[in-house]
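In this document, chain identifiers A, B, C and D correspond to the written order of the chains, with residue numbering beginning at 1 in each.
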């Protein structure tokens, strides 16, 4: 039987899925922050959660129909894989984001029952967690040696197995691996949050809520200087603010990029639609990754001249002008 | 009876218009470069030409239905009135440009028969003509005194009346005023050309020829810093080149402007239409002044991503994305 | 002896200049709004005013040293010549603006003593005045015929000579031409103002007052699409607002332009200096026309990051970074 | 004694550094692609290489003076840590990049001597390597289970320890861990390359080579919409092309970013210097990360108006204009 950590590349994890429950794959193993994010969703109680060994594996499960949706980290994750999520959504078989989930991040120092601070000589966590806890470690365990693990949950497993003395992971991972939290709420930075997304196979976009976000990836025409500026101007001229933009290599060698873009608003908004059409025209390719409600509920400030009503008015004016009725 | 120079502000010039002939008003009096421009049109042979005392008078004749069209100078005229044409088209009762006419400008020194160079003590022309002939005057009539007249044709009339010894005007004005050209082809600058336009009451725009120009005026939102940059970006982002832009006071005090804009392309072009809608949205007001064939026949260079086909493709792509078929 | 209206192109008007008094040429003849603007200056009492037949003549008097300064209309003049002023400053022997003067414009209906409204069959003014009085004329003298003159003052002279019944000119022109104002304060638009400038031969720029304006002309590289946008961005990126921009033909054929630009601030301001250097680099040529106090006293809003102190700080930072001290 | 994989957070690895040899820390353990990159440097033969457990540890060794320089992955690494490198350089105690190294990436399937393809049930590598080998795995080891490790070298070590049957890592890692390459040159994508950088404590920048790159990080003013566009325009208006730009969270909560920017050219170039000063003025903070030779030797295309000579010319012109000598 396969453990929850493993994943056969040509197949899927064994499971005893009840026929009616939604099946959600996620970046495992059990005890990751991704699982914690998934568990915050209202439907999680009746969903079957399928831990996968990697983000691509979680997404492929959806692509192959073995899962209905996948929950994966997208931004600022302490468990890594952000870039791999973007790359997978940008270039793999199309999937779309239907929801985002914000999860506050703090760590617990997990140990086998009975371990004390003085006993701890080795500590492990995912490499991405280390910057978030290094000050705490320097102050509280200055002589302990730190080792990176494949995930924070994996670090907990290795503590369970006796390889390391302590793991830095989510407190929720303790029970799964038979550990106890010796210290909780460890984080060098206040308010650390990771953004996760739930993705599914393409389907009609759900209607705007008024506080939405739109994700796309844009592949630039090779060797076209100023491509990013051109892309930003397509948004700026229609008053669409960008929340986030990131360049990523296309895999065709250094210097060839695509841009992962998160914009305020919904593809059904006139200004967003026109900006995306502009993007489509100036780029070598554009992939729409979804319009979905923002977890923070922030409503965009609509700049003068960019509301749907103003787009409609302008379209009617153009029509009149073309007919000589101006 | 009214002379061709005069114009009753409440009425129109008397004329004996044959019922079927088109009636064209123009900036008179007879003998102006505007009349010469009008006479280059194929239909001029059968049109009735109505000289008016000013550009507003010529345009008002069309507005009142007393003329079918008006020919007036628009750009770089040696007879002035360019700004007044723009201001009238921008703010008076709407008219649209249906045609442009380019006329090479050169002057003749018109005198009464028998006058020689040595006899010339006084020379007159419109003030706008003076910069174009001052070098020639300095070299050939260094001791003559120059006086400005209301138009070059008016200068010719004043020579006819004996007030001045010579006029600088179009050679074609000589016969009308009983003068002879003592010197022809006078111009300090090679290749001087004036652009005239024929305007009419609003009617459906004629179809694109592929080498078209579009004229609009845009009234900016008061005290909005960066308004011009914003306007230019609406065009630039859709790849619409501008041929000409000029700021003009709105008449509401210094510092309040509108912009007269001439763009490459036709309002029926997708890129031009979208740019004009953008302009409409960010400006306090936009008036469409017409799309019409360029007299120079220059075809615009269509930038990658801005052809009608690419706009259509992007619209279909957006539609698919909204339906979840991307 | 030459009249004040005339001007020998190779020479200058005769005058009895007291040796110590400043000599100021201006767009004449006597009785123009330009003269009225000149007379508002504190030093006007002791200056010798030299009326010239045209803007070029007024400027050439300064170039040749026959006048110390010239007063000419620059913007929205009712007496025309704005374009000719810009063209002359852009392309003639260099001169710089040292001062601007705002003059409210209103017209008086000037007649020979004894003339009544019922007597008026003909009215004259400069063509540029007509749009500003046409509504008044339509309402008050609907049957009078209007004729254009070389200037409003010239219209007054022609009334004096008996050619026309009434002139529309500045009320101050009445006495000079032996006329009386039958109606005063005529203007279709409230608050009409003309901007005049005093220009001199190049000299070190006077220091900033904090409420300054800078004028330049920029000649673009031929056939360089997007040149205007490029020019505007040089200003925008340094937070320099533009008050006014106008394209003007270079005289080398239609489609070749230069831009006359008026910017907020003073050439001694770091942001203005850097913007002008940028302009110099991207244009075929730039001519500095002066930094001088704004007549309206408006102080520019200095955008974050564009004060002299912030430029200084950035320069020191760059220096440190280059030396490896960042 | 500490293994090469471990690192005491309060101390440094034990080593037997010869007194004169340069000491270079790097992202270990031994057998990583980072070590392979380091070994391509000419001075590597006489340098002492210090493997560190993480990028922060490698950089801290330099900060504390325990190493003279560090070699770490910066872009597109298969071993992760790119973001952590950027974050560390952006926010830790200042370091600067003095050199970049490009290393072609291909994987070998490393096994214990005697293992055959048929024996392989489990495979491990770093999570970032998985996307680069998944197609190969699907085709060649469709039934093997894949597990993520803390690094590819760590995967090799775990094969040595018998935990997994095979590791995907650099072929050079085989010898270190007593393994043999069963298959070499594995990569789904042709031409995969990772960019590494060598960093040191701040020191005067070495002179331009003509084919240089400049790295900076820019912290934007919070909640300032359009900040990225503003940043890009600072570069664009001076003709400085960007090679790469990436937004990164500041750690102060989602939605607060800094930008890591790589630009063509050298801080000693006038256009780059002016752009950086502009960045400094519009941003909340800018950190210079170094100007250094490009490994690909590509020389930037210098746009008209942006050469050092043109900057010098413009500075002299401005000086003349301010002195009234224009």
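In the analysis below, contacts are C-beta pairs under 8 Å (C-beta built on N, C-alpha and C of every residue); 3 or more make two chains touch, one makes a residue touch a chain.
It should be emphasised that the depicted structure is a prediction, and the values quoted were computed from it without experimental measurement.
Of all residue numbers seen at the chain A-chain D contact, over half occur in both copies; the interface is built from largely matching residues.
With each centre defined as the average position of its C-alpha atoms, the distance from chain C to chain D rounds to 59 Å. As a whole-number value, the distance joining the C-alpha centres of chain A and chain D reads 23 Å. Shown for chain A are the residues in touch with two or more other chains, namely 233, 236. Chain pairs that touch one another: A-B, A-D, B-C, C-D. Residues of chain A that touch chain B in their complex: 94, 96, 202-205, 221, 233-234, 236-238, 267-268, 273-274, 276-278, 280-282, 286-288, 304-306, 310-311, 313-315, 317-318, 321-326. In the complex of the two chains, the chain B residues touching chain C come out as 2, 5-10, 53-54, 56, 75-76, 80-84, 87-88, 102, 122, 127-128, 130-131, 134, 137-138, 141-151, 154, 189, 191-193, 195, 225-226, 228-229, 232-233, 236, 241-247, 249, 251-255, 257, 296, 301.
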